[in-house]
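Remarks on the structure that follows.
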Amino acid sequence: MDAERLVELLEQVRSGKIAVSAAVSRLRHMPFEDLGFAKIDHHRALRQGFPEVIMGQGKQVKDIAAIVRAMRRGKSNILLTRLDADKIARLKRLRTGLTFHPTARAATWVGRPIRITGKGVVLVVCAGTSDIPVAEEAALTATIMGNRVEKIFDVGVAGIHRLLESRPRLDAAAVLIVVAGMEGALPSVVAGLIDKPVIAVPTSVGYGASFHGLSALLGMLNSCAAGVTVVNIDNGFGAGFAASLINRV
Amino acid sequence: MDAERLVELLEQVRSGKIAVSAAVSRLRHMPFEDLGFAKIDHHRALRQGFPEVIMGQGKQVKDIAAIVRAMRRGKSNILLTRLDADKIARLKRLRTGLTFHPTARAATWVGRPIRITGKGVVLVVCAGTSDIPVAEEAALTATIMGNRVEKIFDVGVAGIHRLLESRPRLDAAAVLIVVAGMEGALPSVVAGLIDKPVIAVPTSVGYGASFHGLSALLGMLNSCAAGVTVVNIDNGFGAGFAASLINRV
Amino acid sequence: MDAERLVELLEQVRSGKIAVSAAVSRLRHMPFEDLGFAKIDHHRALRQGFPEVIMGQGKQVKDIAAIVRAMRRGKSNILLTRLDADKIARLKRLRTGLTFHPTARAATWVGRPIRITGKGVVLVVCAGTSDIPVAEEAALTATIMGNRVEKIFDVGVAGIHRLLESRPRLDAAAVLIVVAGMEGALPSVVAGLIDKPVIAVPTSVGYGASFHGLSALLGMLNSCAAGVTVVNIDNGFGAGFAASLINRV
Amino acid sequence: MDAERLVELLEQVRSGKIAVSAAVSRLRHMPFEDLGFAKIDHHRALRQGFPEVIMGQGKQVKDIAAIVRAMRRGKSNILLTRLDADKIARLKRLRTGLTFHPTARAATWVGRPIRITGKGVVLVVCAGTSDIPVAEEAALTATIMGNRVEKIFDVGVAGIHRLLESRPRLDAAAVLIVVAGMEGALPSVVAGLIDKPVIAVPTSVGYGASFHGLSALLGMLNSCAAGVTVVNIDNGFGAGFAASLINRV
Amino acid sequence: MDAERLVELLEQVRSGKIAVSAAVSRLRHMPFEDLGFAKIDHHRALRQGFPEVIMGQGKQVKDIAAIVRAMRRGKSNILLTRLDADKIARLKRLRTGLTFHPTARAATWVGRPIRITGKGVVLVVCAGTSDIPVAEEAALTATIMGNRVEKIFDVGVAGIHRLLESRPRLDAAAVLIVVAGMEGALPSVVAGLIDKPVIAVPTSVGYGASFHGLSALLGMLNSCAAGVTVVNIDNGFGAGFAASLINRV
Amino acid sequence: MDAERLVELLEQVRSGKIAVSAAVSRLRHMPFEDLGFAKIDHHRALRQGFPEVIMGQGKQVKDIAAIVRAMRRGKSNILLTRLDADKIARLKRLRTGLTFHPTARAATWVGRPIRITGKGVVLVVCAGTSDIPVAEEAALTATIMGNRVEKIFDVGVAGIHRLLESRPRLDAAAVLIVVAGMEGALPSVVAGLIDKPVIAVPTSVGYGASFHGLSALLGMLNSCAAGVTVVNIDNGFGAGFAASLINRV
Amino acid sequence: MDAERLVELLEQVRSGKIAVSAAVSRLRHMPFEDLGFAKIDHHRALRQGFPEVIMGQGKQVKDIAAIVRAMRRGKSNILLTRLDADKIARLKRLRTGLTFHPTARAATWVGRPIRITGKGVVLVVCAGTSDIPVAEEAALTATIMGNRVEKIFDVGVAGIHRLLESRPRLDAAAVLIVVAGMEGALPSVVAGLIDKPVIAVPTSVGYGASFHGLSALLGMLNSCAAGVTVVNIDNGFGAGFAASLINRV
Amino acid sequence: MDAERLVELLEQVRSGKIAVSAAVSRLRHMPFEDLGFAKIDHHRALRQGFPEVIMGQGKQVKDIAAIVRAMRRGKSNILLTRLDADKIARLKRLRTGLTFHPTARAATWVGRPIRITGKGVVLVVCAGTSDIPVAEEAALTATIMGNRVEKIFDVGVAGIHRLLESRPRLDAAAVLIVVAGMEGALPSVVAGLIDKPVIAVPTSVGYGASFHGLSALLGMLNSCAAGVTVVNIDNGFGAGFAASLINRV
């Protein structure tokens, strides 16, 4: 349940369309339902003004489907992340009404139209083609959370001219999400070119001494360019979510 | 040199107060001067709209003083960070005109009045008294960069009621910087209470398995609360800088 | 063989139902039988007053079945831990008489009724739904070891109100087991609310910089709340066992 | 302020010795005073029934003295930990009324007599003479928190007969704190001999591949003996605190 | 080719049974043959007096078979290590004449009778049943290298009496190989009981903070008992080989 | 007290020079005296046939002196290790009768003449001049424990001809101790040249990615040459001790 | 597109065979085409004078095929690396015209004859047979980039005579690539024998404390032999590429 | 002694100026002298054609002076590295004839004029002013080894335009040494701009998650730009040495 729906409820109270006691009852019902295995917190959407989010990893497909069905009753939009190909295939068979985004390893259910509430453009930049799934997860998250989203992919630092050619689009963005694996140098270069917040997302792309993304993570944390903040390895969702909060400051 | 000063120059050109060739010369001179050991980039202030910043660690006191003197000619405000007590003592003797902030391990030179350009309040929260130096570095950075800054200190998660009592101030902030050492849990709790961007700063406070801040850093990167982004261990400056960018989106 | 059974034997000696030489022979037989590949220590139950425990991981199914059969002759209750779905399926076919607990990845054989010898309630709290298998292993262990066990699941620190609503149950417990992955912050918050021993169990839930539970483990070891002790990653059994010892102090 | 003092206050209310409004005022005053740099939480002693604790590390001597003076007004007993020789020397000069315990690197102020509220004996065992400071910190903590405390020092696993000779004292304890550096094997051996809770404290004693206590920490977390829980490296205080909670279950 | 075969050759030279030029030719042929992908060093057996050893891991089955066939021409005995179940199954089909030892994950070809050249008994001790494969690899290696080998299995430090009951056999050994996973404490306890060389072998047995044997490895390197030396994680072969060298000093 | 002194005592019993009760009393006195802070185990020398050993690191100078004086009453020879220059200087002033070995960072007290009981030569080899202190500690340990000791220093693998020129001495040794920092490659090369046990000692010599000896330690554990066993970083004493045990097999 | 082809184009301009506007158009077209998911940078070959390279890992087979087809239009030679057996099998079915090199886990398309532009011989040396795939990747890379390449395989440091026998070939090389896993000692020994640049390639060959190549990597970075530089674990391609640049200095 | 001096000697033999037996004696004397604590290898200069190098770290000042004096007799030029300010001060007092380079933390003795034998320019690039000491060590090494050396300092990736302005000098170099701390991104950007070998030198500049240079090291090893090879953290000497070998291919 998001802020709009709360306002709607209170206006129904004011206009006499719903009794106060009924409103109280509905409000009291809100915090979370008990599905036996998970407490769904409808207030969370209220507090943060965004759709419900479910991380697919570590959950069984049948439990995911049950959570989705319970949430749909709450009318909030839904974003499922970290769904591998196998889970997507099995969820498809369960007729949950979800829309699937295989590259982003995600699914969505948009029961209420998405309203653009973010002020500017959230620009998602990534270094190599192998980083695209994480970049798409970030872009999808920002999109469903009400932002205009643009993308510049495959502009790694080893071919710096590609990035420099995109400078006008970098300058035009309000918030930037920069995704890179291996040495994770791209956020430093981007942040040095502009004066906007940069959210850096390390990916597990690489091998050997990349240590599953540790190298990129450390690189980004040590960025010599001020204005860079960092999220967990492969955490495109977290970057999209933070960008959405920033884009509404 | 910041954007205002560039506009000023160009208006002098338009009004005929300065010859085009002289303007070109001054513009051409801008990028960086050569002090022999370091290229000072006056454009950087222009590009990012903020004062010049010098990291004191790893630099000799006499070199710091030389850089400060050169920068003062550029009329930008100046922020020096990571100055230990010994460097502060020796800089004081060099009559650089700096103002010192010992708790924040920093110094400033404010040649031009600070204008508040940030939209809302930047709120700096810290978990324990040992985290205060890093929190003060963040607060000082955000202040000199033109933000209204407030502070809530010593509200660790082991006494959660202290934090909950501060909830109205948390809700009123535009951007939050949350500083914590040891297990680094405070940003997760704070981000779960509000719907604003949270910049988490791990500190090296702790001992044993804190591994000089690694524990707090990992905790923050793995935050179960969406909307948290992270900077390097003890990097109060980076957090203050990023908050300033976010507060102008 | 537990303490009760030793008393029984000695009382049979006293009442003349069994010859001293036979009792000596049975006592001498106790320490361990030799199955060729493993020495089963019936004295261990005696020394620690609890059922026999077998860790399923790293053992072959046929060896597990043989150990179970040998132990059943000793009449002790039995707990098998760390049985993956495949081992459970294959053990089921071997007709060992075991009862299976798939969520807890465990099995039990209860030949003698479980007597409640723990003083108070052992409360198992977990942060997210993905932590439930480890929490259930802890709960099952404490149950078979003679404790009243209660559970509060899915109360992570990012929605602190859920935890606060459970405060009366937290206060009522004698010993708490707190299970969390990702940043592992829950034990600190819980231990700050109560004045009872808290056993923290880090889980391998998470991705990227969680490093298979290392992040949660470090967080718990660095807890800013006194009274927290920690067991190995995913070691629900160890937590349940320690809680049982504590609950009989 | 501990539970007894709250009862005292309320009884004064009941008997009319203090006006309700004054009681309210004193209760309202309780949560924490503001010293400018740290919020002292008098409720914490109330909630946990123990003295106030201050970690000396990372705090300036003059701030420590100020906190001690403020706390003494609250009449709670006080424990200061992690005071190095230099801080002890400088605190002595400040005439704070503290009693110093140099081996334990600690200080105490006992304004109210310590009452034994722990049920049994807390036994502190350590492996080598270099582990004694951490063991003494644990023993001092348990003592000031109202437990009978005994010690067995220098009984490392390389001379197992020394430990075995102490077996009657091991069996007689209610809770054991086992302190060891290097490979940290002692808690496993002790926990295998008894059926009581064992709190393991790794120390930073060792060199090379001990990695400042990491080796001992990992060894204890992987203990093959059930019933062992672990605290941070060198955290004698945490072990003494947890043992005190356990000894009152 | 081992030392005996070299003596034989030279005696044939002395007695005129073989021409000097032919002997030279055979000697010159010795160093290594070229199979295209691997240089087999027949001199190695000569220099070290032991059979040829092939590590199966990282080699293709067909290459292993080719190496075995080439080596059999050299008449040395052969030991293959680190053969998983799948490689053993496929090697069996290739009719190489090898004898397989599945628990030890090894195979042997004994073309010449094994002569006992080790002075005393090599005793292999292991902590838990999951450590047996590594212990068996060590025992097999020592056996084929000409030692009398004895075994004591499943005597972990959590049940120290099992180990103490075996003390006469510990005292009687010339060299001890002690195998343990988890916290790796067994070698310290064993080395404290005897005055013979102890070779410690950490295993990858465990989970969570065992970090695939790192915990046991660090524990053994930090042993508080002098006389312990350590080999790589799971390196039963290396321990058996070193014990064989020591047993001939 | 070593084995010879026990035999002496028992022969005095046999010959009637000492009463049985007095012998019992002396034997009973043996295990350890209580100095208040450390239990000295005279049996240890008996069990292992070697002098008493005290690790100086982590002990106060006055405690070291007290232990030395107590030990001298037991008439065993004494070896003190890990004494830094400062401790040596302060011990010298305490007139303990010790002989100091500054390069080896050690001291000895030889009350009874050293008897050569080792069979062959213990050869200590080191890679660079910075490794000499650790190599000298190993050599001193082996010397006081009754071995003939030889040394070859500064023969690193980057100048392999130096090592090859020493091959006859390598071949003549019974046991080899090979000391190296940086990449720690020397033991592999040495073990490939000979057929004797090699004890590898990694040192903390190096910088950057040597990580205080971790690089050398890992290199030695992964040695491609069989027959290498490893001790802790900088543990010259442990290597000398193990070599002494091996030289008496 | 490589430098030759640019010269060709410009000469067509000079000779009038192509209009300036058409040349401009083709030049402008060069930087990169947009395939939707990846920007192919034809300039890169121009800038670096070498074929196009595609890393197969982390890319889908159908995307690899699409990139190959697009590149073939550019007429540059193509090298694909890090293709596992499964990807090779599936690529074969797609009829891309590629030539496959299974041992090197690579594929090539040689549309233009390879010209030898490297000055001397690039010599690839490897320590064990398990290192051969990485060594072959390095050799293939150097070959397609226009160098004469030679190989010496299976010359580990544990049998140093094998390496010494190859000394003339080591001396004759212009650049050396030395590949080794486990302790990674080979580059140090090789670099000590010659005065040519040595590129060290650590491999993930090993087990236990090799930590997937970390041990070899650290060993090489700490090489005591000057002149050694290092690439990522298993990065045969990077070594071959760097050797090619060096061979044209 | 370098190659020229050997040729000189042999020509003296040919021309009869020196007797063969004397030449033999001098040649035999060459390999290394024995100073008791270190074998000085005059052949090394011969084999590698460069001056003698001494690493000052870990050596005592008086030993360094003794080595320098012995080497001066050999007439080779000398380079001493890793001399901290204190060692430089004390060496100055010993009148060794050395020239000191405090920024590079080095000293030299140039007894024979340096001849330029390197083909092109070795260009040393560094990211920040704190990286200059390492960069100067690299430059000094390349200079004394006979190369023309140029420098571009303080061109970090956060201000990419500074680097781009230097592009002509980058293009003109034969070999590049790129020095950077923090995230270590500069080598990737440089290598993407040119087609020459790049030697990357990570520095320990940074704090927190830079982990003393580990972050920069990992970043460089994972460089997305082919052609980059890496040396140890802060190893300016190693980079200068390798560049010298490359510049003579």
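Letters are used for the chains, namely A, B, C, D, E, F, G and H, taken in the order the chains are written, and counting of residues starts over at 1 for each.
As a convention for this text, contacts are C-beta pairs under 8 Å (C-beta built on N, C-alpha and C of every residue); 3 or more make two chains touch, one makes a residue touch a chain.
Since we're looking at a predicted model, the values are computed, not measured.
Chemist: Strictly by the touch rule at the top, which chains does chain D share as contacts with chain G?
Modeler: Neighbours common to chain D and chain G are E, F.
Chemist: Please report the smallest number of touch steps linking chain A to chain E.
Modeler: 2
Chemist: Sharing over half of the contact pairs with D-F by residue number is what counts; pick that pair out of A-H, C-D or F-H.
Modeler: It is F-H that reproduces the contact pattern of D-F.
Chemist: CA centre of chain C versus CA centre of chain F: separation in Å?
Modeler: Chain C and chain F have C-alpha centres separated by 44 Å.
Chemist: Just the number, please: Cα centre separation of chain A and chain B in whole Å.
Modeler: 27
Chemist: Provide the C-alpha centroid distance between chain E and chain G, rounded to the nearest whole angstrom.
Modeler: About 38 Å, centre to centre.
Chemist: Where in chain H do residues touch two or more other chains at once?
Modeler: Each of 159, 193, 208-210, 214, 217, 221-222, 226, 232-233 in chain H touches at least two other chains.
Chemist: Let me make sure I understand the interfaces: which chain pairs count as touching?
Modeler: Taking the chains two at a time, the touching pairs are A-B, A-C, A-G, A-H, B-C, B-D, B-H, C-D, C-E, D-E, D-F, E-F, E-G, F-G, F-H, G-H.
Chemist: Which of the residues in chain A come into contact with chain H in the complex?
Modeler: It is residues 127-128, 156-160, 164, 182-185, 188-189, 191-193, 206, 208-211, 214-216, 218-226 of chain A that touch chain H.
Chemist: Quick check on the complex: what are the chain A residues that touch chain C?
Modeler: 31-32, 37-39, 41, 43-44, 57-59, 63, 82, 202, 204, 212-214, 217, 232-235
Chemist: In their complex, what parts of chain C are in touch with chain D?
Modeler: Contact set of chain C toward chain D: 47-50, 53, 119-120, 174-175, 193-197, 199, 217, 221-222, 226-233, 237-239, 241-242, 245-247, 249.
Chemist: Which residues of chain G touch chain E in the complex?
Modeler: For this pair, the touching residues of chain G are 129-130, 132, 153-155, 159, 161-162, 165, 205, 207-210.
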